[in-house]
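Below is the structure I would like to discuss, written out as structure tokens.
By letter and in written order, the chains are A, B, C, D, E and F; residue numbering begins at 1 in each of them.
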Amino acid sequence: MPMFKPIQENEAKGKVKEVFDEIKSSRKITEVPNFWKYLANSPETLERTWSSLKQVMKEGALDPVTKELIYVAVSITNSCEYCTRSHTAAAKKKGATEDMIKEMIDVVGIANQNNKLVEAYQVEVDEIYK
Amino acid sequence: MPMFKPIQENEAKGKVKEVFDEIKSSRKITEVPNFWKYLANSPETLERTWSSLKQVMKEGALDPVTKELIYVAVSITNSCEYCTRSHTAAAKKKGATEDMIKEMIDVVGIANQNNKLVEAYQVEVDEIYK
Amino acid sequence: MPMFKPIQENEAKGKVKEVFDEIKSSRKITEVPNFWKYLANSPETLERTWSSLKQVMKEGALDPVTKELIYVAVSITNSCEYCTRSHTAAAKKKGATEDMIKEMIDVVGIANQNNKLVEAYQVEVDEIYK
Amino acid sequence: MPMFKPIQENEAKGKVKEVFDEIKSSRKITEVPNFWKYLANSPETLERTWSSLKQVMKEGALDPVTKELIYVAVSITNSCEYCTRSHTAAAKKKGATEDMIKEMIDVVGIANQNNKLVEAYQVEVDEIYK
Amino acid sequence: MPMFKPIQENEAKGKVKEVFDEIKSSRKITEVPNFWKYLANSPETLERTWSSLKQVMKEGALDPVTKELIYVAVSITNSCEYCTRSHTAAAKKKGATEDMIKEMIDVVGIANQNNKLVEAYQVEVDEIYK
Amino acid sequence: MPMFKPIQENEAKGKVKEVFDEIKSSRKITEVPNFWKYLANSPETLERTWSSLKQVMKEGALDPVTKELIYVAVSITNSCEYCTRSHTAAAKKKGATEDMIKEMIDVVGIANQNNKLVEAYQVEVDEIYK
């Protein structure tokens, strides 16, 4: 009784094929990553997720590298190995250096620690932060 | 049977007073934030935490604004209200615009969603990410 | 220095054997799942956990399929692979279709996203929800 | 230095007003809930989030009550008070009884416990669940 | 449309009254804490939860103070204010000193940090820990 | 595009070598655990993390075994396999018995359950705990 299987590119049809093609062309890659192949089990979810991600991660007030680093920081905090690995790769591809990644990790480490110290001491919000 | 109380500035002595003074001078603020006042119940913890935070959040390969945004992203993911509020304030003070903060929030939202879609579909790590 | 090992069925005695037998007969399965084999290291924990689970997951105001789907939704949110896989299997066995599982996943995804948007914007509870 | 403020209905314009109107008419409510008022700070996020939520929560293989219960189960697991309160209200409005909500809570409780017992004993996935 | 209300002691009947009485006598307190008053909405849940907690928290290979400190450590990590406050009070009542609580907090802080550093660097399990 | 690789002992120089030597001598082990080998990619992080951990985990008001058990309890709650395995090993080495570990796990299980029951019922903090 297996869970879901990835939909391979040669099985993709209609809406799924369209999204797969767009992923490859917009990212300049030759193979669709597994995340999208699994989501393709639910074509509507695939389309909505891809369209949202594209909208959110595009250049804006923040550059794409910063956005990828934030994405990885969240993924580390949530212990998502796939997300950590794939978006670290994306960050590097978009120009993140090893030093930038290491510093992001340091921030993630200390933020996770201090978040819990705040809970432990039940720190009240200062008036100026309200 | 109350939990810990904040150590007020006029109660601070020795190591605690030194750290309090450094926090105020280095951040150019006139009042020590509550987080540090609570940590002061344990002077060694106060000193270690301040010294680590200073080291981690300083300008490096990443600029201080980016570091604050990453800190806030982690704090939102961990549902830490105090940390979200205080480091959003810090980010603004260091130059983050409202648009930068909103875009960071969008990334946090979609990363949290996709992290769970990855778990739900038990997505295997692609060879190229290993 | 290994962690705990599963207690195999041929090693089971007394209280452990009784619970193992009940698990197999009530679920109509021929092999005790690993979760219970590991819990058997602590017979009292095994018995309490099995007895609680049986009480909670039985037909009530909610049908067993809905209960399994809720169980999986929590397990995905907590990134528990074993729990996600085993209770997805249980949900299917009790009658959940693939479409039901996919829709449950979609809800889990968006709930995780919106939970964090609420934290990010520090949304106040509306009067009517209090 | 406050965080974001809710956009009130009489301040809503263009895209924001359209979404606000749709929320009220489709849900048959006379006041826009705070979640949407805060999201309105970022009109694109408001529109994307509302459109995704509408798509995900609609009747499908799962009925709307079950979807709301799953949404609440995730929100409890993530300790999101606003989401727990507002979607419990939504579940009731769509027909969930108090007994259904209590049973959902029981499942959430035991799933959270067992998820951690699995981590604690480092339970290996059974062959039949792979 | 309010959520659940606590069941007050003068409303308690049957099984609920019995558990309420046992909580007060075994803990030597004159008022039932809110946690149990809310759980009383579901008498079966109240009884099961009380009986499990009593079994788990009793003196064993670990003394009751250590058990309370572990309980608080988990509650801090999960950001549960009620649980942190009530079990810190319980720990103190059973003999925990302020220094013990502060050291527990330090461990919680660094464990949360290092847990995430492990995820960030995707540290492989050493052979000797398998 | 791999993530970080562990720095092997024969590659260690300067600050990294010093910390590696101290880890081995203070813990009386002959091989540096992977956690530290990965952190060595960022020598400042290695040094700060080692120095903090040493300070926090040393004998104090709490004995080292209790501290390790608390560390493991947090790691289970955060689903960190590496941390759970390595600190369970450390706890045993410092004198924790199997029964102590099993009782710690029971507390972790029930605390995680009750933390969520508190969220589910939105339990208000009793006056005596404030």
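Please note the rule applied: a residue touches a chain if its C-beta (ideal position, glycine included) is under 8 Å from a C-beta of that chain, and two chains touch if they have at least 3 such contacts.
What you see is a predicted model; the values in this text were computed from it and never measured.
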| item | value |
| --- | --- |
| Any chain in contact with chain E as well as chain F | A, B, C, D |
| Centroid comparison with chain D (C-alpha atoms), farthest chain | F |
| Between A-E and D-E, the pair joined by more C-beta contacts | A-E |
| Most widely separated chain from chain B, with each centre as the mean of CA atoms | C |
| Centre-of-Cα separation between chain E and chain C, whole angstrom | 21 |
| Length of the line joining the C-alpha centres of chain B and chain D, rounded to whole Å | 27 |
| Where chain E touches two or more other chains at once, by residue number | 1, 3, 41, 45, 49, 52, 77-81, 84-85, 89, 102, 105-106, 108-110, 112-117, 119, 121-122, 128-130 |
| Graph class of chain-chain contacts, one of line, ring, star, complete, other | complete |
| Complex contact set, residues of chain D against chain E | 79, 84-85, 88-89, 92-93, 98, 102, 105-106, 109 |
| Residues of chain E touching chain F in the complex | 3-4, 6, 31, 33-35, 38-39, 41, 45, 49, 52-53, 56-57, 60-62, 66-67, 69-71, 73-75, 77-78, 80-83, 85-87, 89, 97, 99-100, 102-104, 106-119, 121-126, 128-130 |
| Touching residues (chain side chain C, partner chain B) in the complex | 76-77, 79, 81, 84-85, 105, 108-110, 112-117, 119-122 |
| Chain B-touching residues of chain F, taken from the complex the two chains share | 1-2, 44, 48, 52, 55, 128-130 |
| Of chain D, residues touching chain B in the complex | 1, 3, 41-42, 45, 49, 78-80 |
